[in-house]
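Got a structure for you, written out below as structure tokens; questions coming shortly.
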Amino acid sequence: MSQQRSDDVAVLTPSGRLEAFSDGVFAIAITLLVLDLAVPARDQVRTGGLGSALAHQWPSYFAYLVSFLVIGIIWVNHHTMFSKVNLVDRPVLFANLALLLVVSALPFPTRLLAEYLTAGSDAHAAAAIYSSTMLAMGLAYSVLWIAVTRDVGLLHEHVDPVASRAALRRFGLGNIVYLATIGLSFVSAIATLSVHAALALYYCFDQLATPRAKRPRRSAG
Amino acid sequence: MSQQRSDDVAVLTPSGRLEAFSDGVFAIAITLLVLDLAVPARDQVRTGGLGSALAHQWPSYFAYLVSFLVIGIIWVNHHTMFSKVNLVDRPVLFANLALLLVVSALPFPTRLLAEYLTAGSDAHAAAAIYSSTMLAMGLAYSVLWIAVTRDVGLLHEHVDPVASRAALRRFGLGNIVYLATIGLSFVSAIATLSVHAALALYYCFDQLATPRAKRPRRSAG
Amino acid sequence: MSQQRSDDVAVLTPSGRLEAFSDGVFAIAITLLVLDLAVPARDQVRTGGLGSALAHQWPSYFAYLVSFLVIGIIWVNHHTMFSKVNLVDRPVLFANLALLLVVSALPFPTRLLAEYLTAGSDAHAAAAIYSSTMLAMGLAYSVLWIAVTRDVGLLHEHVDPVASRAALRRFGLGNIVYLATIGLSFVSAIATLSVHAALALYYCFDQLATPRAKRPRRSAG
Amino acid sequence: MSQQRSDDVAVLTPSGRLEAFSDGVFAIAITLLVLDLAVPARDQVRTGGLGSALAHQWPSYFAYLVSFLVIGIIWVNHHTMFSKVNLVDRPVLFANLALLLVVSALPFPTRLLAEYLTAGSDAHAAAAIYSSTMLAMGLAYSVLWIAVTRDVGLLHEHVDPVASRAALRRFGLGNIVYLATIGLSFVSAIATLSVHAALALYYCFDQLATPRAKRPRRSAG
């Protein structure tokens, strides 16, 4: 029995270090986005023309803000998911790694869409790649949710299977919306990015609107 | 009641992971600043002229130092604020995300001001953008303070409402000063950056001058 | 005796901060890889040609994916190794630093191989450098394993010396395979990168296939 | 008294978050160094000439290795210092910030020295700037040591004042050596970087040679 226990410890580990590593990747991906806000070269800006040169870069700011919000919200959700998790096993570690792959790759389609947002027909391809990355993120998040909730022994507390499946259906709906934005990309790249912005803001306010739970009372058991 | 409790845990989480994620963003933003210190291209520097080529880049060093100090001080204040916080809820998570947005964007206006500090009329625009970022940081910090102190149940310990409002008034005063630096930007960019340097140093020494509190005694209860 | 104890504390420290620092380096190295996915310059892409310009960059995506997987798996293994470790001493700190040197350097050979994968005879040199980095990582990991398991007092629990030596033999075998990929580099760079991809996937699935251990029971002692 | 206690908590905080933030800065600075290892442009390398193009970049690898080792050793020492620290106050926070300023700036002089190591008279200026950064790091580390040990109430355990002053003298000696390397810079840049490499290796092996302390026994009190 003590041998069994020692094997358990080798395979199931506390979730703390997964969270620390994930926090690192989220923090770096969200901060690296700023490297793609380019300072206009001084010798290409007419004196007094810095303002309009900067205004001309609006696609960069727009894509930056949307991607920042998306990573931020995914982090908030990841944080909430793992506040329920006690132990992780290898399928959880690898499902988490798949999510981190998408998160850490996001600066690339962001840069791509910023560069090509107003580039005629190429804008469609850039928007479709951006939307596909969002779909991949939604799918990876759903897989991670399945990996975490498939085994009640990994969790701090009982998660209602009905509630868990309802959450999964909600994620599934989100993934269908992301799939639709891939289609929308071939209509209008700017509309596509606007929809991603709207989705991100919707998720923010939706979550802020969650009815304020009473905090655990300290005095009364 | 146990159902209620499980909802509570889902919405209110310990502040540890928010701090870890924020530390990551602060650490990356403060370290990315160094990427904007450019090494003069070897084929554009006359032999023996490296010293003067480097000296010529003083705006980069100046902007680097001020932004490093500002992020460092914000981190110290964030650290102090959250040493009083026990639990966080979603409004705190999103208010913190807004502060991190400004912190992680700071390398961009820093680079911009470094490039245009001596560029005639464009310097005014660059300085105004830099000052606006500082104002945004001050406002985001004030909002985070309100989010954290609005509910005494999030804190480790009782925070005096009078002291809390006094702190908020002090932040408000700081924000008015930041607002004034936007105006100053249109007079002189170099003076504006100097004022930001002076403000940062003032905050450093002000905080160092806080009367040394007695440390908790171990032996005596 | 209390003097002895105080010296112990100075030399042996809990493994937590080594893990935090390592997590930071792993997270940054794995996320910096994305900086080498280049957005094709807009003025060099014919209208409508973005798709083919991106497809043309397949060596970058291939090298990105393989290096991401490799760092991810090394992190999972590092995580598993240190879940058994309680205390670290200086040889462990420096063996870990050697591993981190290889991990943090990996973006360079990745970029190199992505650039030269289809470059005729230069591809061989690039692939050999990439393979050598993998060998260095395998050797550094083996040395860290030896440093950690050489002294049972550093571990949380008893690690069977037989199992420990078996693990070392398994790592040794992996290192011989990495050595062989250096030879393969001079035959085909693409085949070499494919083998590294296959090895990474093999390690993923091998680890996922580990028989699921029973989790520690809570109710029954 | 409870009011007093609440003030104490505001000013003295546990050292954990300072360590986490510092780990982040150390990890990022040490990993950003790799960005300065440039991949030779494919159109500037004759077919078959990649090997010699890479060999030509030896100053980059040399400077990379020395700076990696230096940051690594500083991290090991920082780790050891703070394993003795229980609480931090504002002077410690700001002394630590000064050290982090030097650490996070180090990629700049590293890049500079790599670029100018073989550039005739400009190499002297680059080496002097690199050596000055090392001196600044040594001084900042000494100041942090003074800040931490000035008040026995910040420490986990009693640190012998005699041992503490001996350590400070040892750091002082190191700083004199760093000062001497500034002089050496004007004789030979390559010799200067070699001395920094030798110093780093000396510190590694010196620390590895520390007599192995007995680990705390678990069974016997």
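Observations on the model:
By letter and in written order, the chains are A, B, C and D; residue numbering begins at 1 in each of them.
The definition used in the following text is that a residue touches a chain if its C-beta (ideal position, glycine included) is under 8 Å from a C-beta of that chain, and two chains touch if they have at least 3 such contacts.
Quantities reported herein were computed from a predicted structural model and do not represent experimental measurements.
Of all chains, the one whose Cα centroid sits at the greatest distance from that of chain A is D. At the interface between chain A and chain C, under half of the residue numbers appear on both sides, which makes the contact a different-residue one. Rounded to whole angstrom, the centroid-to-centroid distance between chain B and chain D, based on C-alpha atoms, equals 25 Å. A straight line joining the Cα centres of chain B and chain C is 35 Å long.
Residues of chain A in contact with at least two other chains: 20, 24, 27-28, 32, 35. Interface residues of chain B facing chain A in the complex, by the touch rule stated above, are 4-14, 17-18, 20-21, 24-25, 27-29, 32, 35, 87, 89-91, 93-94, 97, 100-101, 104-105, 107-108, 111-112, 115-116, 119-122, 125-126, 129, 151, 153-154.
Looking at the complex, you find that chain A touches chain B at residues 19-20, 23-24, 26-28, 30-35, 37, 39, 42, 45, 47-51, 54, 64, 68, 72, 75-76, 79-80, 82-84, 156-158, 204, 207-208, 210, 212-216.
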